[in-house]
Every structure is written in structure tokens, then in C-alpha cells.
Amino acid sequence: MMPFSKKSSGRVAGSGLRTSKSGLVATYAVLTIAAVAIGFPILFSISLSFTPLEDIINGVFIPTSLFLDNYVNAFEAQPFAQFIVNSVVVGVAGTALQILFSMLAAYALVFIPFGGKRIIFLIIMATMMIPAEVLVVTNFQTIRAMGLIDTYAGLILPGVATTFGIFLYRQNMMQIPSELKEAADVAGLSRFQFFVRVVVPMVMNTTVTLAIYFFLVTWNAYLWPLVSTTNNTARTVQIGLRTLNSSEGLSDFGMMAAGAVITSIPTLLLIFFGQKRLQEGMTKGALK
Amino acid sequence: MALRSKRSLAGAEAAGAAAVAVPPKEAPGGKRSLAGWVYLLPSIAIFAIFVIYPFARTIITSFFATTPAGGLTQFIGLSNFITLFTDPLYTQAIANTLIYVVLTVPLTIVIALLLAVLTAQDLPGMGIFRTIFSATMGISVAAAAVFWNLLFNANSGVLNRIIEFFGGEGVGWLIDQNFALVSVSIISIWMNLGMAYLILLGAIKSIDGSYYESVEIVGGGFWYRLRRVTVPLISPSLFFVLTITVIGAFQSFGLIDMLTQGGPNNATVLLIYRLYRDAFVNFRIGSASAQGVILFVVIFVISYIQTKLTEDKVTYQ
Amino acid sequence: MAKIVCKDLKKSYDGKTEVLAGINLEIQEGEFFILVGPSGCGKSTLLRIIAGLEGVSAGELIMDGQLANEMLPKDRNLTMVFQSYALYPHLSVRDNILFGLDVKKVAKDEQERRLAEAAELLGLTDYLDRKPRALSGGQRQRVALARSVCSQAPLCLMDEPLSNLDAKLRASMRVEIRRLQQRLGLTVVYVTHDQVEAMTMGDRIAVLSNGRIQQLGTPLELYNHPANEFVATFIGTPQMNMAIAEVQPEGLVLNDDVVVPLSAEDRAKHPAGTRWKVGFRPEQVYPATATSVHQVDVSVVSSEMMGNETLIFFNVGTKLFTARWQGQHRVEIGATLRVSLDPRYAHFFDVNTGALVHAAEDLDEQGARSTSVVDESLAARMEAAPAAPMA
Amino acid sequence: MAKIVCKDLKKSYDGKTEVLAGINLEIQEGEFFILVGPSGCGKSTLLRIIAGLEGVSAGELIMDGQLANEMLPKDRNLTMVFQSYALYPHLSVRDNILFGLDVKKVAKDEQERRLAEAAELLGLTDYLDRKPRALSGGQRQRVALARSVCSQAPLCLMDEPLSNLDAKLRASMRVEIRRLQQRLGLTVVYVTHDQVEAMTMGDRIAVLSNGRIQQLGTPLELYNHPANEFVATFIGTPQMNMAIAEVQPEGLVLNDDVVVPLSAEDRAKHPAGTRWKVGFRPEQVYPATATSVHQVDVSVVSSEMMGNETLIFFNVGTKLFTARWQGQHRVEIGATLRVSLDPRYAHFFDVNTGALVHAAEDLDEQGARSTSVVDESLAARMEAAPAAPMA
Amino acid sequence: SGGGGAAAETTEDGKTVILFWNSMDGSRGDALQKVVDGFNAQSDEFEVRSEYQGSYDESTGSFFNMANGAGAPAIVQIGEQNLQAMIDSGLVANVSELISAQSFDDSDLLEQAVNFYTYDGAMYAMPFNCSCPVVYYNQDVLDAAGVTELPTTFEGLTAAAEAIAASSDVTPVGLYAYGYALDQMVTNMGGYVVNNENGRKERCTEVAYRDQMAVIFNWVKSLNDAGQFSPFSSGDDAISGFSQQQCAIYIDTSASARQIIDACSFNVSIGFLPVEEGAEAMGIYAGGGALCIADGLSEDVARGVMEFCAYATSPDVQATWAGDTGYFPISNGAYETETLSAVYGEYPQLQVSAEQLRSSKVNNITAGPLCSQLPQLRTDLQTALQSVFNGGDVDEALDTAVQSTNTAIESANQGVA
């Protein structure tokens, strides 16, 4: 086998292209520096989560032994198990709906001709510019009127339509060659069939990206989950994390770091596996 | 955003790069379709109830004096707006915000693009890099604030220790009013990098390989390839990242709230943070509403300008 | 009943230039109809209009007796092979081929049957589980073709479906497509650049150029009675040799250069006038015999031996003429060749409009050559053609 | 010096099936080298390996005397026309054509000059400001070609660059590409499915099949001395008629069906053995004369009139034979035709391996026909070919 | 639910549910839960359900949003800065009325605490958790510098700072911008924070701290100019700075005292907030948290609420609570308990902070500021102080702060006018 067989050669985005040796060195150098800079805070906090508070206050950030109290304390301080379940439910259900709604809307915007499309799209885009903070109070009242306070539905509902998702899907769908739609028209597929059979699989890449993103956004949300819940039955991890933080007096950094790690582990795992999936499921553009 | 212009933000016209066609390319049976609305309905309904309606209320509220609980007490016209614009701290917040946007947005995008381009190659170990670079997406603001606070701590922070270890002089990252906004920007870039990176990576990975093969044969180097092929071909995604990063920058209050609370000396008061304080701490709902409207307008104008500036450069296939 | 009728169909993409500037044609049920024309003349556009993928700017499209301008593609019950294949990258070859069959409620086992048949026909059996991107260019095209074959819709539109196949495969595909079309009684509208396909597959050919149909007829009609210079040069390969011809006392002067001696009989037969464009097909530029009346000495510019035939190029004025001779002939460049340019075999066109004034003589009314009877004299002439055995 | 040398080059995409199973060839500087082979045989793959777009699984690729397995594409100084065009959707036709020239530090006015020339050559002048998506299939292909033309890199790889063009344009492009190649002294590796391109453009042709080079030689060598059955049937169109032939007392029995009478002289000339595969080119299936020794009566299955020639199909055993006759002949289906199948014109192949045992006789050592002298007897035979004037 | 307008909810065993929204994060949440559990264990009739609602401000906002409808709490814990807004909202009950209606014994409550939550003769919140800013000293450094007595004046602090600077590497004084400490210092110096006697006579319309604040700021500035000062970015930053001996003296809430004493490897002393030389310390107001009670509770729930208040403010509970959290008790009786004695035995410094409150005078100055824009006021002060940290001019900084706060007050007052 030659050295540049499939495994060892640097290939640009799906093609068979190779990179020069010096290019490789530069690439790895840049990436390593970036990885250290970006990864350091995370590693640092993981390290912190194993360090006793007294050490932290005195500027010792590297655990001298495997100190688990911070984790024990965090779990004792807050029902993290419950919060994680809630976050997962809200994250998964919310993400699924966001994906569905965005796909449907984007599909209409790209593949279905109808009057008023432009205006609708512009309005949708404009909603992205409205600061969420000014919507919270009114939405709280709406949700309350619907009797959805302290429910998953109440947590999820206001966020299931997302400009972000619609935009990204629209972008992606516009890249689907028109011949594919035409071939489906000729084959007699209905709009919905084309949507399900061609569009959905072909935007899988975007779906994965968006699913990760939506899940993370939901997972990391603080204000709305706090406002729309009054007790722990439906609350999410971020509230748990925030609760660890002492607003008065000394914060228990170690415990907070442990909490931050606990709340970040599921999302980091998601990114890790999502990334894998993303790499595998990368659908390619059209042919010829 | 281009409500008026033919070409709009997000290239509403992009559906027709083919829209050159003057009698628009209408496939038969096209225009009378109601189906479009059916597909749009779920999103539109949600937007109407949870975004447009409350924003309409916000607009109304901005013309009123309010009780702490948000009740409208008296119509005061533009008074809320006038008060804000005569408040030097508010104008400073505008300035801070603009600086913050300028500090964070280009760097976030440039770094994300560079990393995405480098890691889009199928080289060994890329999986790890990709994971690291997108990892910050998984860190909540609350968690990030915890980490960075300890890194940036002027007296005992790790960063200063490292600097001092190499013989430099420590910096009052978050307490020096000349540094605080920069420091917050660094964190913000760190936090937003993940998402921008992931979107751009996805976009680059879905570029058809033959485009690269073609440039490879021609002999364009890294930058040529980036400039002539990658950037134009991912321009829609790039534009999108730009848009969300700008909007995100205008709307990022979590870091400020948890790290500096606007300080030192108002150096890190951003519009959104000010809005948050007035709405949720000071309970001046009328003023907060007015700020919401102003912020919307500011973002709108910036997005519009940005669209205008980039529209020729965004191509949709 | 006519399957497809186009009445004064017009199409413009930009509102300025008319890609189709008024197309009138009728395609009969069960007909194999071929569309040819230079690259960019609007063939794909017309096909897409028939498929309902493109609206028309003016005119009427009537399908099965109904006005179809606004009919949705899926209601037209047709199938199409796209010039760019239109394969779904996320589907395997199998699913690409079967795409849409279930919508048409074709039973599973029937689908499998058709799939097996089409895959066999197109040599795709080994590739059924691959994704399109792991196929070669020709394989992709075959998948597109297989989809159409499987569909068995009564109307089938094909846009250069064989362009990426090798000659051998293409030859067998020609036969198979034609056979299938006849077996199933399909109406086929077929775009091609291949002369052989055009001449052998179609019941009728339409030649498109400048947004208009230049001529519409059976292959031999087009070959033998090209309506104008454009069709004459477009049909037949190598293309017809064209020259400006003028009657002079010394003979027929081609491109102010070559003089073809004329007999009185020749002069009598000429169409009215003294100046035309004349066209000689390369295969009718014969070597002159001792008795040739119309002999002309030309200087060889170059030649190409293609195995079964040889092309010899020479200048007539500034224009290059081609002679196409059976067999392999080694001709030196610069050699003088005495060829016969018999005006009987020439087509005469109006020098301004390019319209046919007078077709080559040895063609009967039906456009078929009078040599249609295979008799012994023919055999004698042909058998003699190859060289005598070597020493 | 050899421009490109492949030594036992192997390529597999999936690690199991070898798309290229050991390619050995040398391409000389300034050579026009043609690659042909059935669809999916690995032509594009080989081209992409030469371009450096695809790694090899084993073997050596040497370019300009240097091992190039790991050389980056950009260091190879070549240009390529992709089978799938690879046009940039975001660039206008102009920018697509000029793409990359600035990297090569070609001056602006030189760029403009080349652009104007290439656009003119390819009829793209009116389309320079369009985006690719507003072009027809053939126009896109021409843009891809124009890019390559402009580049003027010393090595030029072309993957079916003319497949979507009409015959007329293709004919002129053949000439232009060849002219350009000679003017600039380019080395060209050219993949095509078109027999005419293969026969007329190339200095040498390599026939690829099953991952190996089946034969490598000049066009006429391949035509006249096909190394094996595969090459024989692949080169030449319509393809060579193949049959199993057995020597029997009554004559040469083809496919256990048709008996070709043999003279003693014939029998003497046969290669060793009594059973071969024999191939007759369609143009050498002549109508029998009264004096024909090798006459055979066959029943016409179908015929195709193509204007300048007619194909007549008949069965030999279960196999379809084709006769290709000049002119237009109307032959009834089912009619009995007496044809001559002279074993002198037949190629003999080993019945098991398919290797050539004995080439058709009337070919001289150089592989050119002995009829290369244009003399009067040839003229007499050819002029006589067309029918006598109508009544 | 256990709150406002809706019918009272009951548990399975028939107890009436009292919904209690709190803002006790960190370890204080556990301590509060202990109080609640203690109450529930001893009550047959009522069950308090305690729910964390984010910060005082967030909780207050949510309370407003609920508008005493379904799901609204009966008790909501607020910070002192939320009192005026609560009163303005009209959603909270007059606790004094409840006290008399339910014959609640309020005699044991610390009068300073009652003083803060009383407006116009009526108490609007039940004091519950109290803390105040104090001065922390690194006793070892003081000893080394020869400072024998903890300073009580700015001048004393300055002198101590000089002595420290002369005798050790440690920066003498460190501060972080801590708005609550600033207005407490104004109070201690005998000044009103806002006008109309701290908003007690009438609704306040502007700030009144200008003179005292100038003294404080100038003091900081002079230290800063002398290089004897180290700024911190936050309370946490300051604690670690202090414990890592980056400063010897700093001001922070008394609530952190135990953690600081535990974390520091040196001896820690705690002293009163300073006044100007020659002036007498007025004392401080009782900041911290208190319990607002929703208006319009049913008789039954109201009774339960007051029962809970009685329990939560009882000496033993307060003593335990104080021991668990670092707050000091708001009931006089708590100081006599063994629980507290034990704590004070172990951490004598803790007594100082309680003493600072208990020795405070009782008047409208030490009633503390009543102002809906107190958070804004503090933010503005913090900003101003930070600008001084960064070398800014004191007057300019204060002018800006005053201006900003006054605008905010004016605009907020519009809404309730």
C-alpha cells in the first residue's frame, strides 16, 4: 500500500484531495493551539470540580487527590437527577417540534409557490430581532391563561417556532437541485411525499446540526424555564446550577464547577456523538 | 432587514437565483396553492401568539408609565424614549453594544471559519478537534461564567498567573474598565464559536468535492481556495452565521449579568443588560419596553445595512 | 388521436430573447418522436414544457385532447430522463430506479419484476445497493434510464439518455428502447445529438433551431429533402459540403474557385437561376473515373482513416470539403486528387434564404433511394469494393 | 521523455473490487492519448489518478520522470475537463472560464485574450455574463472545455468533453482541439465514448476493460489487429459480428447454423485448429454476386436506413448479424438475402481465451489496408456505387 | 393552591397547603428547608411548601406576574430592595393587620428590623433573614503593623493602612463595588440615603446620600492614590483576595463571616463600619430578606401563614437558622439561646455583626431607604465607585450616579402617581 492510501491522506471535504506536508504541519499546529485555548476552560473547570473549596480560595486549582465531595454536595443540594430528566424531556420534545415546524415552514417557503411568501419570510426573519426578554412577561401570562404553568408543554411551546431553524432549512433546501423536485413531480409524488421522501432525508445534515443546537439551547435556557415554573416538577438543570451559586456570601466554586460539569456532561456527550453522526451522515450535493 | 428592497436579508430572492426570469418561472398549477399556508401554519401560529402578540404589547407599553407589576397607568407618549436618549448611561450602553458587536462578531466568524476549513479535511484526529471546537456550544452561560470568572480573576486568576509566569504583568481583566469589555468579548467569542463553527463545518462538508478538485488542479493555494471557492459556496451559511452572531451579540446578557453586572464603571453595560435590569430588577416596565423597541430597531437597522453590504456576495446555487 | 399538440408555443426565460419562438407540432400516440438541434436551441426547454416543469410564455399545449398549459406534471402521466439525470443522492440505485412506483400503486412484486428487468437490461444488477455518487458517469445515466423504463408511463420524455454510454452499449440500448417502446406502445419524445439515434430510432424527427422547427419529417425525408441549408448541414455526418455555385460558361464554379465541368444535360436540369448554394454529401464526392464528366482536381488538406472508412479533406475556395470513402485509404497531404462532383447528387439552396430549391436527383418521391432493390448488380459493385488479396 | 508512466497501477475504492487491476502504460510528451472502454471500466478513475485527485492503491505513477504518487494536483501542472463539468454556480461563465488563471499569474490582458479566443471558439461569447444554471447542458460542457482551453497547461485531461454537443459542433470541436493540441504541443489524455473521436483524434488509443488495458496502439492497429474479441467488438461501429465457427466438410459452420462454403484455398489459409470465434465487420458482409464462393442465404430480421448507409440485420444461429451497406436500401423484413461471408475478411479468435489467432487477411503489416493507393480502379468501383439515374 | 385568589389546596392528610416562594440559593436553601420541615413536622393543620424562585428580584417579578391568581404563593421572600415595589404593586398584605388579626406576638422581633419593613405605621413584610456589611481584618497583619485596636473611623482605617503599608507586603485595603455596603455606610454615618427621610415620610423623589458618599469615595480615592488599595471584581473575588492575603482589610457582608474565617489561614477579626472622625455611629438598617404575605388570603391560609411566621421568627428557630447560614437572628430571644451561644463561642467574631445591628439607633435614618429604585441606586453607586477605582473623579462619578438614580426614581414614580 502506498502511504497516501485512503486512511492516511488528508482529504478536503469529501473529495480525494490531499494536503501537502508543510500544509499538514501548519494545520495541526493551528488546530492544536486552538484546541488548547478552547478546551482549557473546560478542562480547568473539570479540574476545579475535584478541588476542595478551601484550596480554590487559596488559589490551588489542581486536585491533589480524587475529591468527590463537590459532586456529592451538588447532588445533595439540588435534585439534579430530576432536573436532568426534565431537561431531557423538554429538550427532546422541544427539539423534535422545532425541527418539525421549521422543516414544514421552510419547505413551504422553498418548494410551494404561493402569494405573500416574501412577506411571510421577512416577518419570520424580523422576529429573530426581537429581544426575548421583552416577551417573557406576556408569554408567561399567555401560558398561564392556557393553564400550562409548571408543565413541560408550557416550557416548550413558546419556543417551537424558530427563525433559526426555518432559515437554515430554507438555505439547505434551496440547494436541492430543482431537477430532483421536477423528477418527483413527473413521477407523480405529491408535495407531502416529496417532502418526506426526498427533502427530509436530504436535509439530514442540517437536521442533525439543528437538533444539536436546539437541544443545547433548550438545555441551557434559564430565564423562561425559571419564569414559567414555580416548582421543581418541570424545572431544568440550569435552574439547579444557578441555585448552587450563592448570591450572597461566598460561592462554593468547587460545587458550582461540579454542577457545571454535571449539567454539561449530557450536552458534551450529545455534541460528541452528534458530531460523529454528522460526519457519517453527511449527504452529498446532487450529481452532475 | 430589507422589507423594501427587492433583494432582502437572507436573500429572499434566493429562491430565484433563477428569479432573473421576468415572467417568473411558474411551473403549471403553481400560484393558486393554499398548501403553502398549511405547512406554514404551525410556525406562524406560534410566532403570532408568542412573539408578535407580546411584541405588540411591548410596543404599546413603551408609551405608558407602568406600575412595578407592569400595569399601564398613564399614557406618556414618547417620554420613555426621550428619557432614555437623554440618559448618558443609555447612550454609553449603545456605544458599548456597538463596540461589543464589532469586537465579537468578526472574530467569532473568522476563527470559526478558519477552524471549520481546517477541520473539514479528512485527516486523522479531526474528530477530536471537531468535538473540542464545537464543545463550547454545550456549555451554558452559567457554567461559562463560573469557569471564566476563575480564569479572569485579577488577583488569583489562572490567566494572570500564566502571564506572570512568563514574566508579563497581570491584567485586571474584569475590573479594569479598559479591559472589561474586551474580556467579556473574549468569553463571548469562546462561547459562540461552537455554533458558528458547527454550521460552517456542515456547510463546507456539503460542498461537492469536484469544486475542490477543480481548484486543486488549477493550483490555488489555501487562501485562494478559501476565497474563491469555499467562501462563495458557503456564503449563505456564512451570511446566516453573521446574522445570528450579530443578533446574538445584541442579545447577550447572561455573561454580563453573571460576570460584571455592567461594571466596572458601566464599561460593560450593553443595551440588553440594561433592558433586563429595568424589566426584572428595577421593575420599570415602561422603560424596558421602550428599550425593547429601540433594541429591535437597532438590530433591524444593522441587519439591513449588513444585508445591503453583503447581498452581492451571497450566492445561492 | 394526437398525443401532444403544440400550437404556437413560445417561451422566454428573460422576457427578451425567445428561446422558443412559436413551435407547432403534433406528436401521435405511439410515435417515437425525435428532437434534434444545436446545443442551446431549446430542446430541453421544449421537453420540460411538455413535462409541465416549465410554463409557456404564449401558445397552447394540448395533451390527449385537453389544454395542458396549466396541468400539473403529475397529472400528465409521463416519465422523463433528465439531461442531468436527477438522481437522489440519498437513495440507493434500487430506490432511485423504483422512485415513484409505489405512488402509482404498483404492487411490490411487480416493482421487483420491473426492477430486475430494467437492471438486467442496463447492466446495473451489480450496483443496485450503491449510492449514485459511487457510480461512474455512464452508470448514473443508466440509472436515470432505468427509472424511466420501469415507470412504463404511456408518455416518455428522454433528454440525451445515451450520451455518456459507450458505442457498444449505446447500440444495444437503441434497440432495447425502441423494442420497449413498441412493445408497450409508448409515445416517446427523444432529444439526441447522435445522428445514428436520430436516424434509426425515430418515426419522425423535428429539427429545432433559432427557436423554430426547421423541418419535421421522417429521417429519410430530412436526409433526402432537407428543407433548408440548416437542416442539410445538421443531418448527416460528416456534414454536407456547402459551396456557393454559379453557372458560368466553363461550368459550375464553386466558391469562385473550383470549376465543375457541365454537360448540356446537366445545364438543362439545373433549377432556375444561375447562383445557388449547393451541397454535396461527403459520401457522394467520388473519386473520378476516366470517364467522369464532372471531374475536378483538388489538393488534399488532410485525411482521417477511421477503420471502415476514410475522410479526405480538400479546399474548395476557402471552405473545407470532405469526401467520405469506404475502406482505408492512405492519402498523402498535398497530393492532388481527381474527384467527381456530380450536380445530380447536389442539393440546391436559395443563396439568400437557404431554402431548398432542388433536391439531389437520385431520390424518389418517398425520399428513399431508387436503389432499394437488392439485386445482383449491387452485389457486384459492393463485393468488388475491398482491395484484391495481397500478393 | 515519457510524460506519464503507469507501472502496475491498482485502484480499489472499497478494498475489495479492483477498479484498476494493474495498469501499465507510457504516454509520450505531446501525444494525444485516448482512453476508451465500456461504461464503468475505470476511465475516469485513471484520469483522476493522473490528476492526483485520487490516490492509488498500489503501483507507481511517474510524471516527467518523477514518482508522482504523492505529488499534489497543483504541482502536476495540468488541466482537466470533468465529466460532470465542475462549474462554480456562484461564478459567471467568464469567471468560470478564467478560474485559476490568476493563480498562475497570467496577466490580465493575456487572460482577456485567451477568454475571447476560447469563447469565440466554443460559441460562448453571448453567454459570458450568465451563471451556469441558466445554460443548457451543452453550453455548460463548453464552458468546462473553455476553461481547459484557456489554461494552456502542458498536460490536459479530458473526460468525455464533447458528449453533450451536437454532431456538427462536435465535428468542429474535434478539429479545434486537435489543432490546439498540436499548436501548443500539449499532451492530452482524452476519455471518449465516441468512435469517431477515438479513431480520428488520437495518436494512440488504450482500450480499458475489467481494470486492465486490453490493447494499446494506434487507431488502425486496434481496428485491423484487435488483440482480442473484446477489442474487436468494442472498436468499430456497428460492432463486429461474432460467431462460433467450426470447420466441417460442408464448409465453415457459424453458430451451428449457417454454413459458409469453403474453397480449398480457404481451407489452406485457416489458422490451426477447427473451431474458433470468428468476427466479420458489418461493412464486410457483402451482397453475394453470381460468382461468390462464400454465399449464404439469410433471412432479414430488420433493417435501418440511415441516409448514407443501410444496416441490415439477420440471424446467424441465435446471434444477430449486421450488414452495413452504402446507400439507402429498402429491404423487406423476412426477405431472403444472399450475402457473402468471405473468411478472408474474418478475424479468428481463440474460442476460449478470445485472443486473436489470425487477423483478417487483407491487412498489411502496418495494419493499413493495402488499398491505400487511390487509383482509377478504386474510382470506378466507387463511382459506380450509387444507383443509376432514375428513369 | 396555597396562595392568593384561589381556593386553598390541601394535602392528602388534610393539611392546608401554604405556598412559600423563596430565594435561598446555595447552602442557604438547605437551611431554609430545615426551617420549613420543622414547621411542617409540628403543625397538624398546615403544610408549607417552599419553592425556590430565583433571586429576590426574579421572585418578585414572578409574584407580580402571578397577580395573586392561581398558583400564586401565600408567602414570598423578598430582599429589602423590593419592599417599595411590593407595596406599590398592591398585591401584598399589611402584615401589621394580620398580626393583630391573628394575635401574633411581635414583641420579640428586633425593633431595628421591624423599623425597616414598616411604612406609615404599617409593617409590610415579616423580617426573617438579616445581614449587614462589616469590616474584615487580617489580624495577623494588623498585629505585625502594630495596630492594636480595630479602627472605627475612616481616619483610623487610613492610619491602619499606612501602618500596614509600612510593615508588610500586603496591600492594606481591598474593596469591591458593593452597593448595599455603601448605603449602609451612609446610614451609619447618619445620612439619609434618599430624600423625604429615606422615603419614610413621603414617597422619595431623589437621592440624599451625596455628602456622606463623597466622604466614602474620597477615602477610597486617597487610599487608591496612595497605592494602598486593591480593587476586586466581585464578592467572591474579594473573599479569595482577602484569604490569599492580597489585602488586609475589606468590607463584605456578615453572611460570609464563617466561611471567611474557615478559609483563612490567619486570624480574622470583624469590626463595625467606619464613620468620620468625631461623629457617632448611627448604626445600620436591617437589610436582608423578609417575608411578604399575599393580599386577600383566605382566613384559613392567613392563619397558617402567621403560624409559620411565628414559628420562623421564634428564638430557637432563628438561632439555628443563624447558626446554619451566617444571618443574624431577628428575634431578641434568639440571642439568649444555647444554640447561638455555642456558635458565638466558636466564632466570637460573629457576635460583632449582630451587635452592630442591635446597637443601632431606631429612627428614620436607620429605618433605611424605602425606594423602588434601590437596585438602580446601588448599581449607580457601584458604577461610580468603580470609576473611582479606575482613577475617576469623585464628584463627577457621584453626579452621574445621582443623576441616573434620580431619573429612574422619577420615571418609576410616574407609574404609581
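So that you can tell them apart, the chains are marked A, B, C, D and E in the order they are listed, and the count of residues begins at 1 in each.
In this section, contacts are C-beta pairs under 8 Å (C-beta built on N, C-alpha and C of every residue); 3 or more make two chains touch, one makes a residue touch a chain.
Note that the coordinates shown come from a computational prediction; the quantities given were computed from them, not determined experimentally.
The minimal number of chain-to-chain contact steps leading from chain A to chain B is 1.
Of the two chain pairs considered here, B-D and B-E, the higher C-beta contact count falls to B-E. If you average the CA atoms of chain A and of chain D, the two centres end up 55 Å from each other. Rounded to whole angstrom, the centroid-to-centroid distance between chain B and chain E, based on C-alpha atoms, equals 38 Å. Per-chain CA centroids place chain C at a distance of 95 Å from chain E. One finds 58 Å separating the Cα centroids of chain B and chain C.
Listed for chain E are residues 58, 61, 65, 236, 240, 244, each touching two or more other chains.
Annotation for chain B: residues 18, 20, 26-27, 30, 70, 156, 210, 213, 216, 279-280, 285, 317 touch two or more other chains.
Multi-chain contact residues of chain D, defined as those touching 2 or more other chains: 48, 52-53, 72-73, 83-84, 134. Contact residues on chain B toward chain D in their complex (touch as defined above): 17-18, 20, 210-211, 213-221, 224, 228-229, 232-233, 235, 315, 317. Here chain E touches chain A in the complex through residues 19, 21, 23, 25-30, 49, 51-55, 58, 61-62, 65-66, 69-71, 73, 131, 235-236, 239-240, 243-244, 253, 255-256, 259-260, 262-263, 265, 326, going by the rule given at the top. Taken together, the chain A residues at the contact with chain C in this complex read 177, 179-180, 182-190, 193, 198, 201-202, 204, 283-288. Against chain C, in their complex, chain D makes its touches with residues 13, 36-45, 83-84, 123, 134-139, 141-142, 159-160, 163-171, 193-196, 199-200, 219-220, 223-224, 233-239, 281, 283-284, 286-290, 292, 304-309, 311, 324-331, 337-338, 340, 344-345, 361-362, 364, 368-374, 376, 378-387, 389-390. On chain C, the positions that touch chain A within their shared complex are 48, 51-53, 72-74, 76-80, 82, 84-91, 99-100, 103-104, 132-133, 137, 140, 147, 151.
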